[in-house]
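Chain IDs A, B, C, D, E and F follow the sequence of writing; residue 1 opens each chain.
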Amino acid sequence: MNKAAFEAFQQRREAGNAALLDTESLAIKRFMGLDKTVYGAGALDVGTKELLGLVASMVLRCNDCIDYHLKRCVEEGHGKAELDEAISVALMVGGSIVIPHARHAALTLQALLD
Amino acid sequence: MNKAAFEAFQQRREAGNAALLDTESLAIKRFMGLDKTVYGAGALDVGTKELLGLVASMVLRCNDCIDYHLKRCVEEGHGKAELDEAISVALMVGGSIVIPHARHAALTLQALLD
Amino acid sequence: MNKAAFEAFQQRREAGNAALLDTESLAIKRFMGLDKTVYGAGALDVGTKELLGLVASMVLRCNDCIDYHLKRCVEEGHGKAELDEAISVALMVGGSIVIPHARHAALTLQALLD
Amino acid sequence: MNKAAFEAFQQRREAGNAALLDTESLAIKRFMGLDKTVYGAGALDVGTKELLGLVASMVLRCNDCIDYHLKRCVEEGHGKAELDEAISVALMVGGSIVIPHARHAALTLQALLD
Amino acid sequence: MNKAAFEAFQQRREAGNAALLDTESLAIKRFMGLDKTVYGAGALDVGTKELLGLVASMVLRCNDCIDYHLKRCVEEGHGKAELDEAISVALMVGGSIVIPHARHAALTLQALLD
Amino acid sequence: MNKAAFEAFQQRREAGNAALLDTESLAIKRFMGLDKTVYGAGALDVGTKELLGLVASMVLRCNDCIDYHLKRCVEEGHGKAELDEAISVALMVGGSIVIPHARHAALTLQALLD
């Protein structure tokens, strides 16, 4: 994934969010709001929470979620060595079925750190 | 997803079904047949069963299955408000890992209700 | 599962909820609150939402969640024929790996309808 | 798991099957019937199919299913060395989250081969 | 999937592997190495192990993994009838949510056996 | 879960590990060894890696894995406030289907911090 592909992903994501939030359902809106507040600073710092979000996204095998959390992890200052170790934990817990997502993460990380 | 994209999905789906059913395996054929009869009218009406299929597809995170059941739900008369509530249940049970699929569902629904 | 076992399950559930809500984490509290409001009446009636919760719980294979939603479904007036059809949809979508949970559901349902 | 525990498991399984099949739902009955015929001899022999069922049950992490297929694998003549290799494939594909189920399988296998 | 699409998949896979292995993490390297040795000949022959990998990949619903193991199964001499039976076991265990992946497998198999 | 129950869990775990490692399979032994080294100190400290293991175990819904990583997290110095925030991330990502495991974690944590 190069930078252009990453920006296209972000545009699709925003269009999808807009469609999802164009709703009368208060539950959907509250759910989406809670999803933001969970990653805020507290007893754990934001960077650690983003690592948790990354590994959870990898073992549950969601590339969109991986890309989002990888970007946030880089913004919070995690470097390649730390992120590779998080990826290794996700591979170990989730098994070889996670490998295609680890490949995806490695390519996204190349684009983000380029 | 616009209407053209939805029709392309349906063509890929039919080609795949044709390839899958080009088989000597009676078990595959019986499995595919049973998958149709399960959603027929009975103690529960067809519309309710399609809602069940939609939510099951969302928490198990299969976009092709979501698109199929969304289309069937709309054909059975469910409107946007009802489908948004079904989506909210799926988000709640399945968590934020389902959000990319809820985005996908919201975009498909736009195309279906357009 | 007989009635005594069902009541023991409910007591364990309440003790667990009390321990989980004994927390400074606002996110946990809001999450647990949202989980209740999602199943309230709206564009879909409560009984339909409980069926959705049941099938989602079955395909994701959580016996505690199955028992909770089965009890709520019976309280909302669903009978054995309707619940068996919901179980059949869950089996079809989730596959034979769901069978042990369908057995569990059938035994819980015996206790609930006894 | 010793032999007494294994027999208790089989009795619970039969009671659950009886409750599940005490139904008007033709779909449940056909689903349960198809689950038997899938493992019959064909282009693949029964022993190989049972190995496939075992590994599928392990990566999807269902102890009841693991116990059932382990017993069938032993009946079909697979020894400890072969079953350990099947377990190793399941661990590799499914990751360390499968370890508790691999422990369970190892203990069941001790009882079965005793 | 035609032959050109299959070769494009293999190129993406190699680029991803190269990115993933461009790391200081010994754990990632050992994990990737172990993933190869698990499928080597032993008490079970390589062909049987590849069938196990195929069915595990199908019930866990990973198209990239399915394509890889299908190719290896064909290289090890499994024909369409045997592979269709493996697919039928995966459908039965994993349920209708696996159908889109069974369609994918059937199309890949057409390209591989063409 | 009280302390006696936690110790019983650890004994079952050790007996299972002994049975699993009583094998000729080098792959099983290497897999179990790699599972230990992944959590060692490196670019990420041990405490952070155990938090990653905890959240991965929660979203994949494995109580034995949750208990193991909770104990390790407490040994590495994480307190209730930090662990509750990790639990909140797991609930958010994994959804309400994780609630029974969050209850389990809360009860285990009571026993560990008692």
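Here, a residue touches a chain if its C-beta (ideal position, glycine included) is under 8 Å from a C-beta of that chain, and two chains touch if they have at least 3 such contacts.
Given the structure is predicted, the values throughout are model-derived calculations rather than measurements.
Compared with chain D, the chain whose C-alpha mean position is the greatest distance off is A. The interface of A-F is repeated, with over half of its contact pairs matching by residue number, by B-C among C-D, B-C or B-D. Greatest centre-to-centre distance from chain B is found for F, with centres as Cα means.
Averaged C-alpha coordinates put the centre of chain C at 36 Å from the centre of chain E. Per-chain Cα centroids separate chain C from chain F by 26 Å. Here the CA centre of chain A is 30 Å from the CA centre of chain C.
For chain D, the set of residues touching two or more other chains reads 24-25, 27, 31, 34-35, 38, 42-43, 56-57, 59-60, 65, 81, 84-85, 88, 91-94, 96-97. Chain F contributes residues 59, 91-98 to its touches with chain B in the complex. Considering their complex, residues 13, 15-17, 19-20, 22-25, 27-28, 31-32, 35, 56-57, 60, 62, 64-65 of chain A touch chain B. Those residues of chain C that touch chain D in the complex are listed here as 61, 80-81, 84-85, 87-88, 91-92, 96-97, 99-100, 102-107, 109-110.
Note for the complex: chain B touches chain D at residues 24-27, 30-31, 34, 37-38, 42-43. Chain contact summary for the complex, chain B toward chain C: residues 34-35, 38-39, 42-44, 48-49, 51-53, 55-57, 59-60, 65, 79, 81-82, 84-86, 88-90, 92-94.
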